[in-house]
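By letter and in written order, the chains are A, B, C, D, E and F; residue numbering begins at 1 in each of them.
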């Protein structure tokens, strides 16, 4: 029954999510000893303008 | 004060959500004895490419 | 696959949760036309001292 | 490490979110005594057709 | 209608949460122009053994 | 910045969570190419009496 909710910056490819869903599920199966079919993974894309760290939106950050 | 967050596949009609919000609220009122006005329902659409079960994205599943 | 997360004040009885889980699932099945077995309901108890409305914790509210 | 997740109606401007992220972070720093850099704020826009109170979607409400 | 969910390490005092709920609500009112009564704040305590950063549980960290 | 929230039945050992946090973080680093230090994992224990599938609480299920 484990359910994983993953908040990540938008812009990942379908292939990255496919790979991540698989890897997270395998990690859960191995560490908890549950059946793979009982594991749900839900991705929630977050825009850089919707995520702030230290009070500053990531869309406002200057590169390097 | 009960707050219900409903994750569901995207693609439901407005009428389905309207009906579901009403039914969930009535169920909560009856089981908990709270006022309807205190019940919030929030829908969160999830794309099939953002939800995996058993490590496989629903968008990758072959129909029956 | 619908997943319902229900935040509610702590103190409900097991019977209330049992009844509510059943009613929420039936409402979801009827409005969305999904199988009951695909519906998950998760309760999250919240203490009155962990919930504020209008900036005031519910544990600080004077009765009527 | 405090993480704040803010559900709000869609339609706020970038400036409102920028201002809110800053103010929420400052409030957290002052009340908890943590470093600003440890505070994350994540906004989740919700459409009026995805939020119901009292069983009625906000998109169905008649103005005053 | 804004709803703020705050995940924070367990161990804060009631006074800290009371102060934080008030400050977060005021910040939301000022930045968004909503009524204070429409703002909900929900605290979710997290044990140090339930939060990992960089793959390491906070309960496993050696003090500086 | 990826943040993973893991809902799982209560009763896992600290060692299982330690192992799972590590494995989930490594999976995220490999699939997304982010720094391990940017990955947060938060566990949320759920009692069997707080989780229903198909309208039935897991605490009410008869063993096989």
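The definition used in the following text is that contacts are C-beta pairs under 8 Å (C-beta built on N, C-alpha and C of every residue); 3 or more make two chains touch, one makes a residue touch a chain.
As the structure is a prediction and not an experimental result, all values here were calculated from the model.
Asker: Can you check which chain pair, B-C or A-D, has more C-beta pairs in contact?
Answerer: B-C
Asker: Which listed pair, A-B, B-D or B-C, reproduces A-F with over half its contact pairs identical?
Answerer: Overlap exceeds half of the contact pairs only for B-C.
Asker: CA centre of chain D versus CA centre of chain E: separation in Å?
Answerer: Taking the average C-alpha coordinate of chain D and of chain E, the gap between them is 13 Å.
Asker: Cα centroid separation between chain B and chain F, in whole Å?
Answerer: Each chain reduced to its C-alpha mean, chain B and chain F end up 21 Å apart.
Asker: Mind pulling the chain E residues that touch 2 or more other chains?
Answerer: Expected reply: 1, 3, 7, 24, 26, 40, 42, 51, 53.
Asker: So in the complex, the part of chain A that touches chain F is made up of which residues?
Answerer: Residue positions touching the partner: 1-9, 12, 16, 19-20, 23-24, 26-28, 30-32, 51, 53, 58.
Asker: Touching residues of chain D toward chain A in the complex: what are they?
Answerer: Against chain A, chain D makes touches at 14, 17-18, 21-22, 24-26, 36-37, 39-45.
Asker: With touch defined as at the start, can you tell me which chain C residues reach chain E in the complex?
Answerer: On the chain C side, the touching residues are 7, 46, 49-57, 59-60.
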